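Per-chain numbering from 1; labels A, B and C assigned in written order.
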């Protein structure tokens, strides 16, 4: 049962990051490797809010989300906009985002020091029982929050004008231009929202891990794996993929060894993609037809 | 006769390939122009180069007297130029409804529901498929969806690229009867079409394109400038 | 042989001539200075790795991140077969035959690894392939970590070295190591040139630009890719053998992600697709890495590397070595635009007029 809780928590975190990566990549063709530093920055933002404003959970979450959104805006202005359309821009923007990530992560190292910072338990310490297993409030709180946020993202994508613009962009960039969807404006929206999502998931993850500078890489890698497995641009595919990837992680840690997690997860991707190159989204499409 | 869209000495191409050779074309307000010519001789490139979807351009393109060479495509959409391209450029994973609504993105977003109703009256078959992903539509339905999307805003200039391409004659005819009813007011319509018969009776002027150049201009049978005889004389004079 | 010595331009000849001169000067510095000798060994290893990596990422256009996996795995095997162990019993002196055997064996290990990396390129592309290679490297690390005969967390020490016990940390020893390092770099340069400037390089570039066209004109794309992976990985494996022969030991830190990041920064900053890029990028970033490694705050090292990575990718199209031609092209375009007074510049001066497109 603990495995299940861990799985769902990880799935929530990975899924939120993966949605950001998926939309950025499908919509803009930009593989954002700076989401790692966005993650780290949001953790520090949440911690700073806790220390200097208030330790109310909403404030802490907001600290993470706002800093994440700002980081996304910085990435848009510093990396995407200057390079979009230039020769080799897809490789260059990927590498530039990596460089920005290095600068950011190690600046935090300098400013805040290598010690870990603790973020309070946000959901209180109440426990309750389901089927004989104790579930703490923090784990279930994380799941509930993540579900709400994901639902908000989906609602935003489906009902708002900007949401339609983003979805259109992920389907056909030329068609999007023809109907008046501006790439630069869409990029800003996509990167800010991805940043906010990464920020939110960072705070969720802080309930399990302490904030420290190097925490950025692994979630990024996992987010990438989930995004690819889910099928770029498909939210539903990404959510399902997040669950699969997180389950694989929990099972591997339990039955084999932590060091093999990446291997099993990539084996999972390999198997699914060999069968359906479009990932989980491809499986969904096949069953719909 | 006010000119709404003008290309002067327009050359354009992809990479080192030049496709258009110093084309001059002036489209007047309220005019319906047909571009005819064989496949691969520049009709599509001409329409695309107006939107900027080519690698390079030389010369001048003006909308209402102002140069649009530096304007990116999405702003042109907002300025009222709508290109309905070959290949439709639909959003295959989005529903027909979303595809149509996207057409209102640049313009009257708030009135999109009313607009959509109107478009669905023009293309009733789409009404049955409103919730379906556009990628599952048939060729004719896709064309209708693409046209419908283009009609969701009040465009000044409609650029339509080979709407009959790949369609069965009956469906193409049906599409064209809808196009003929299109109100362009003080705007304009430029239609590239290989099949000249579809242009009979409603196009004001026919421009013949060959080898990336304008090789003939005739009055169409929908115009008041004189009949086919006058047009032939004009042609022999080029 | 003649093809090896032909240079593409006077600029190229100057560059390599300059490198040769620098190497001769460095020899004298290394002679006296133990610290610098250590830097040189690292430079030799990194530059060689990057030259081989450049063949895969630059010439073939395949984003493999298994580089460290190959080097590390081969290094471990090399250390083990030359007598290294967890306890590190100190073998008396280097038996030169042993080292040569290590180099050959590690090359073979590398070649085998290369075949495994190449296999998925039949179907996987782009980021999918990159992720596979990351997974493969992670699997190698995990596999090695579990084997007790490979030292687990302590790694292996006491492996055979180039220098016998009495030569270590002496001036003569440092000179030997200098020339061994130089030989390694030279060897890798030769391999790079033979592949990149030769037929295999041409096939790979064609396949990189347009795979469909390449297959259509009869290029065996799969075989070409297998070839470049096996060749480059064999050399990478051998570099792993050099690693153990320099240090006499190996540990899990060889698989560090930060090292991979640093190497990647080197080839990107230098410029993808040329040997010059590998050398320049390695030299520059290693210089920064070593300069800031001395200071108390290790964070500055990565901040500076990040700044350079960021600045170079934003400002240059093809890295540092591409800068001269980039500037030339820019000046040319400004002049052409000024003369013709056009709104948009035409990309090439000559235009092929092809009707029917």
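Quick note on the criterion: a residue touches a chain if its C-beta (ideal position, glycine included) is under 8 Å from a C-beta of that chain, and two chains touch if they have at least 3 such contacts.
Quick caveat, the model's predicted, so the values are computed rather than measured.
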item: Far-end chain from subunit A, centres as C-alpha averages; value: B
item: Core chain by centroid distance, with centroids computed from Cα atoms only; value: A
item: Selected interface, A-C versus A-B, where C-beta contact pairs are more numerous; value: A-C
item: CA centroid of subunit B to CA centroid of subunit C, Å; value: 53
item: Approximate Å spacing (C-alpha centroids) for the pair subunit A, subunit B; value: 42
item: Approximate Å spacing (C-alpha centroids) for the pair subunit A, subunit C; value: 32
item: Overlap residues in subunit C, where contacts from two or more other chains coincide; value: none
item: Touching two or more other chains - residues of subunit B; value: none
item: Interfacial residue positions of subunit B with respect to subunit A in the complex; value: 51, 53, 72-75, 77-78, 82-83, 85, 89-94, 98, 101-103, 105-107, 109, 149
item: Subunit A contact footprint on subunit C (complex, rising order); value: 120, 123-124, 127-128, 131-132, 134-135, 138-139, 141-142, 145-146, 257, 261, 264-265, 268, 272, 297, 299-300, 302-303, 305-311, 313-314, 317-318
item: Contact footprint of subunit B on subunit A as seen in their complex; value: 161, 164-165, 167-168, 171-172, 174-183, 233-234
item: In the complex with subunit C, residue positions of subunit A that touch it; value: 31, 79, 82-83, 86-88, 91-93, 95-96, 98-107, 109-110, 217, 221, 224-225, 228, 257, 259-260, 262-263, 265-267, 269-270, 273-274
